[in-house]
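The next part holds the structures, each set out as structure tokens.
Here come two complexes built around chain A, the first alongside chain B, the second alongside chain C.
For the complex of A and B:
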């Protein structure tokens, strides 16, 4: 991709003052040449979880290379079916020919939202709300108990379902009484200082507001290995924004993150993430969609937390002889975004060394929730139909809890089975805190 | 033998022949047109689809330039659904002469062709993939025209006004009685009327008051059947089709003359052209690899991403060049592009026939008008030409077509493309009972559109192709040939359906051979597997597939017959280049 293909920084100078016009630069995003890589083999269609359960969804080949090739320069019409894509990005992984499918989908979706979804429609407002979950969470976390109480009320569910179009089938994630960042401040920040081993932790919104235990586990595990952890200011990675075609919001968040993280990278830090969709956004979607200075630098230095440890530490030796009885049988689901980064096997390989943990892979199906997708009233059934295979395999596994890296996959796993769901870092933390953990 | 009679017999179903047939039919004459293949089978279906603004001729041939801009304006009106108003640029690279640029600009202005000078930066703002060192450009109202659609629309309107159009009817003899040509004997490939594969052929004698030989590059061969001599100098040119549009404006190189100097955005694709080489036989000439290499290499100087782009096929066309006896121009690029009406009565003392040679696609209507005037004069008919004002079928009231597309429940790009192709016929064609799935994914062609084309052309799927663009996209029929053939069943039996399928698939394969090297060659195995294995179409295969006969791989220049597994993509050059530009050996 040449720079001309991306959103041009200079053309977007009006960005900050004009938040509504989120996609003024659609013209310069000419992805027709990307269609050249496609030779129509249809492998992408065969792995698409949405196409598998929804006969009306034309599949990634149509959404991507076919639609772009058919597009005329002056077209503003994108087919509405692009909103049915869940942005799982499995097609990217499946394509044998390097077609930039998710880039095409993200761009087409943004153009569709820009051109075809009225700003005052329920769908737009709902999707904007969902994609900016972090902002809501910030508010909710101010009074977590009250928020949790209100969100749990049946009247709230009714309003969500009927006014906003957010399914009432799902229980809202509860807000932690103390956010990760509050804990971090209370704790006095890093407990280990090491100029030679520093990492910048991109925790994302969910680990901060809803599952600080995961973030704390990361800090403890990294400190165990002698790393100095830096927790920079950050905004949402943009994943839910891409998936809802809110590219203007995503752009603002991404710019903030790139600027902050690039300074740290320049300073010798690697960026590590505990959420595989966050690492996916920083590594792949940012460079595909934006052209801020140093986007590539950040992308090249971003890792999944476990991946980074496996590269730099001898995890196998460190875990030898460790033991925990906190997690017995775990049904592990590899998130699609982990799969796309080639990370789908690592959690089980690492945990094999831990005595007392018996984790079983429940197969390569998609969980179906795909972030905000499964929260939409009109997508709930599709989401559950996709998840069916995973639920079945979880039920058959010799396990009574689940394991995954992705917070929304975890919601879906819990929703479909009732199991408690853990993050591999939590298991690692437990193992390393046993007397044998070195 | 069947016999029939008509007022005027037009030989040749290209743009000129169909234009003449329509013109005469609108004037109330009874017309029969015979064509040995499909409509557009000769040169019309083998051109780059440029609707000239005249800019191209503004220095060398101002009469042609003026004629082009006049016809360009007329076709935008009467054939709106066949024309895309892309605009065109004459771009100047640093090594192209400055004085020629000025001459071009002056020439355009003198000929009444709107021309505007753009800086390199302005040109790149319009076309981002233009080379960074393009210095200046002249913007002119060039356009893109679909020659198939235009030709078929002319034939369709002629038929609507009483003409008889016979395709797959080859002229086997001209009937000459003394010093008068009275008609022709044709051989119908599958009986008269719409083509049906495997139906036995018949022979027919058609007599006419006047015969118009509009067979272009073949005019000499046809005239010879009546012992008349027409010295056509056929000249071949290659065109290479790119999978996507790298540009949305016609890009011409602004230099005096040369091969490979034009890129025409055409529907979903871009067409690169061309070369100019005289050939002795318009039916038998070599299609050479260096010609394809040349157009890509040269045009990549204007649009560098062409080097790494996917080509979907290449094809050759034969220009029907002609010059009056005694001119003896050596270089075919110097032969005039003007057309000649050869009145054999005046020239050879043989009445009842005229031949048309030379000419340009853009001015087909004006040519047809002049010839129709001549025919009317010869027959003593006085009737006015209406073709400059009457829109072709599909081009009436185009403004409202897109608004009416919502009713058909098609996905946005499919609706848009269907409306572009069908024009004002869209509502009639797309209105159907039952589901209307897309049969050709690459071009977005639905079953209703395919069925409409079948109704007009029988079992001839190549005729369906030129009417709909089905099988003209990325997969070149690999996926959709079967879907199209399926529509012939059960009206036609298995054998007819399979014969029609084979015909289309063979035609598609012909052009693809010139796009298969490097990565694309290995990808072609998908199509092979689909047809050989899934459709069981390899059962009559009489030997292993010899890939080396058409491409020996990038590092095996000159060696033939090397299996791709030994010299294949692993040995290719730097990434990107080998996708389309790997092997040069063993064609």
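For the complex of A and C:
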């Protein structure tokens, strides 16, 4: 059949003014307006960190609106290059014409994995494994010392690299000997009860299994301001699942989170996150990709932890006169997902009031790791090439430690510079525990 | 629980040339300033040229002296609102911020800059990278385009320039870009290759060397300057240009292109660096969607709300500057129901009948080109009865009505002049 024949047949079989449904088995998303809104200015391509270092990657404009149009043809399959997108979402921030680029990428990636990646392939198994990191971490946290020992063995690195395709260039994050949730139970839960000031803490997997110090800092800071902290049952935010096209896994996790959190929101709690990719998932990706009842309710009541404090407490006055000498020179990197939520300047603005903290912004480049992306053997080089600019600026800053909200950006910052990396909540906790901060 | 607002003296909404200038001018008065920009700056959509007035509203031009023509503009034109003295001051302010990155400050006359469309654009200030290409210069010129860069068809541009009567001989040639980037590589990719002087041809040679070699044989002894599409580096643009000049023994200049524009992005970086140095706080990625007036004074805005995917975050300031752009920048919205300014709901005058919004001819007198806010002399948007919408709200840049910037070549100048005036007045109001 010629192209002309096929077109005319399509025209006959559908009302031309009806919105075209994207992927029949996906949620009922109409991406047509997004494709139509694109006026091909290519600004997204010029800010894409992957396209900047990988000449084989066609860029977000192709992955989004153009791929969507090509896909209207029955004989076109989604281009495999969609897997090379790291889901940093910088294109969303760049588009002057309201094209929902990351939504289009997430959808295309899921359709690609669904239709083109064999279930028994190494890539599928590896990506499924990486995107369900929380499940593995749960297992690892049962015997943290043994797990840390095994993960550090060179033979484990060899197996990861050659059997699984996980780079052995990186050191695995160590598991905490006590998870945040175990600590929370041991201390008897909330130490402050306050029916008028309650927050539900979505800690995510990483703060629970790997960096409980961040989660504890959040609890102490919030209790300092008189909040009752609720720590509800929760599953992974879904961020690594979106990025690997595992939309089915993401859907299950998201449904659980939305149902649990919506009840708390209805009960007067705001949801707060310490990881900016978790808050991004709850606020933007859930409403863009799923339509559970109350998804929008949860999105509209989710905040970054520092952001929420800032708009509900006079943080500037509270921090006036506080002091800490534990964080003298910090190189701050704003995660891409913080940037998209309007949080890029926040940490430094807040910490300005704390005596003894000297933090410097290292610019608007991407760290390059993007969650599980930089852990894949075939993406490691790209990831490090993207991170190069940040490493250079960190080295140039008058600092010997790093600061960021995102746990995987922190991994990359440490990997590239050897610096210890802190979370703004840890600095805040130290400042508020000085005598003046009480 | 009542939300506490994030507080500053002056809040500027919008991250284009008008917003950036307003924030810098306000900070210059000593005020604490925040700039909120929904998207990355639109400056990469701009040519990077700073035009003031290239053509009169009657189409007369190109104008030799834009300042002379400023005096005869209709009183609804933004230039007439602020006055020609402010336009001059704003340019001096810009000159001080950008330093030697821009030329043209030695004269009030327009410079004529050849563009990638084969036209000559009258402009008041121009990036250093286009300086050697000015059309008033009589040196023989070779233009070179790249096979994979569709923005510049050099033979066509040369023919266009000849036809417009430029006082110099000009030819156009096309070469492949060394190293073979993908056919649809972005302009930023080319810039990066040149910035870093990447190795090409299996690592045997650097890209700037290879490019100079490819061009050398095309140069004739009489040629004194070489024009290339504006992709000659981003971070090391001056070095890239100088390197090519030394290798080829001729002056090198760029021809500004459409978006994404590297001269525009260089200006964006320069201005954001200036904001950082001035201590302006910057919030990006979120739109301002709503506002509240003071409970005891409905003529003053008390705070505005930024939308973070459904959650509203309040920002409070004493003075506000609205610099959200025009129809393209979405500071002005149109629909079948009419034309409106979406943040504060300021009135936008427009014909009731949609058929009258545009003219039949593509380059006809389009009413939509002048859609925007009407203001008083302090740039406060006005109600239809002529009273200010709010006492502490000023507007700057393309959100203003009463001028047709593409036809007049006045976009950057109006943004600079009104941004400067609005930001400065807002800052002074705070310290008063």
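The definition used in the following text is that the second predicted complex is superposed on the first by the 404 of 438 C-alpha atoms of A that agree within 3 Å, B and C clash if a C-alpha of one lies under 4 Å from a C-alpha of the other, contacts with A are read in each partner's own complex, and residues count from 1 in each chain.
As a working rule, a contact is a pair of C-beta atoms (placed from the backbone, for glycine too) under 8 Å apart; a residue touches a chain by one contact, two chains touch by 3 or more.
The shown structure was predicted, so the numbers you read here are calculated from the model rather than taken from an experiment.
After alignment on the shared chain A, the placement of chain B and chain C results in a clash. Touch criterion met: A:314 reaches chain C, while chain B stays clear of it.
When both complexes are overlaid on chain A, the residue A:41 reaches chain B and chain C alike. Once the two complexes are overlaid on the shared chain, A:30 sits against chain B while remaining clear of chain C.
Using the contact criterion defined above for the overlaid structures, shared-chain residue A:191 touches neither chain B nor chain C, since it reaches no partner.
The larger set of touched chain A residues comes from C, when the choice is between chain B and chain C. In the superposition on chain A, A:303 makes contact with chain C only, not with chain B. Of the two partner chains placed by superposition, chain B and chain C are both touched by A:58.
Of the two partner chains, neither chain B nor chain C is touched by A:121. Stretch 349-357 of chain C is the one among 7-15, 295-303 or 349-357 that clashes with chain B after the shared chain A is superposed. Residue overlap on chain A between its contacts with chain B in one complex and with chain C in the other: 41, 58.
Put simply, chain A touches chain C in their complex at residues 41-43, 45-47, 51-52, 55-56, 58-59, 93-96, 98, 196-197, 283-284, 287, 296, 299-303, 307, 310-314, 339-345, 349, 361. Contact residues of chain C toward chain A in the complex are 1, 3-6, 36, 39-40, 42, 44-45, 181-182, 184-189, 192, 259-260, 265, 276, 281-286, 306, 308-311, 313-314, 328-330.
On chain A, the positions that touch chain B within their shared complex are 4, 28, 30, 32-33, 35-41, 58, 61-62, 65-73, 75, 77-81, 97. Looking at the complex, you find that chain B touches chain A at residues 128, 243-246, 248, 268, 305, 308-310, 411-414, 416-417, 441-444, 473-475, 478-479, 520, 523, 526.
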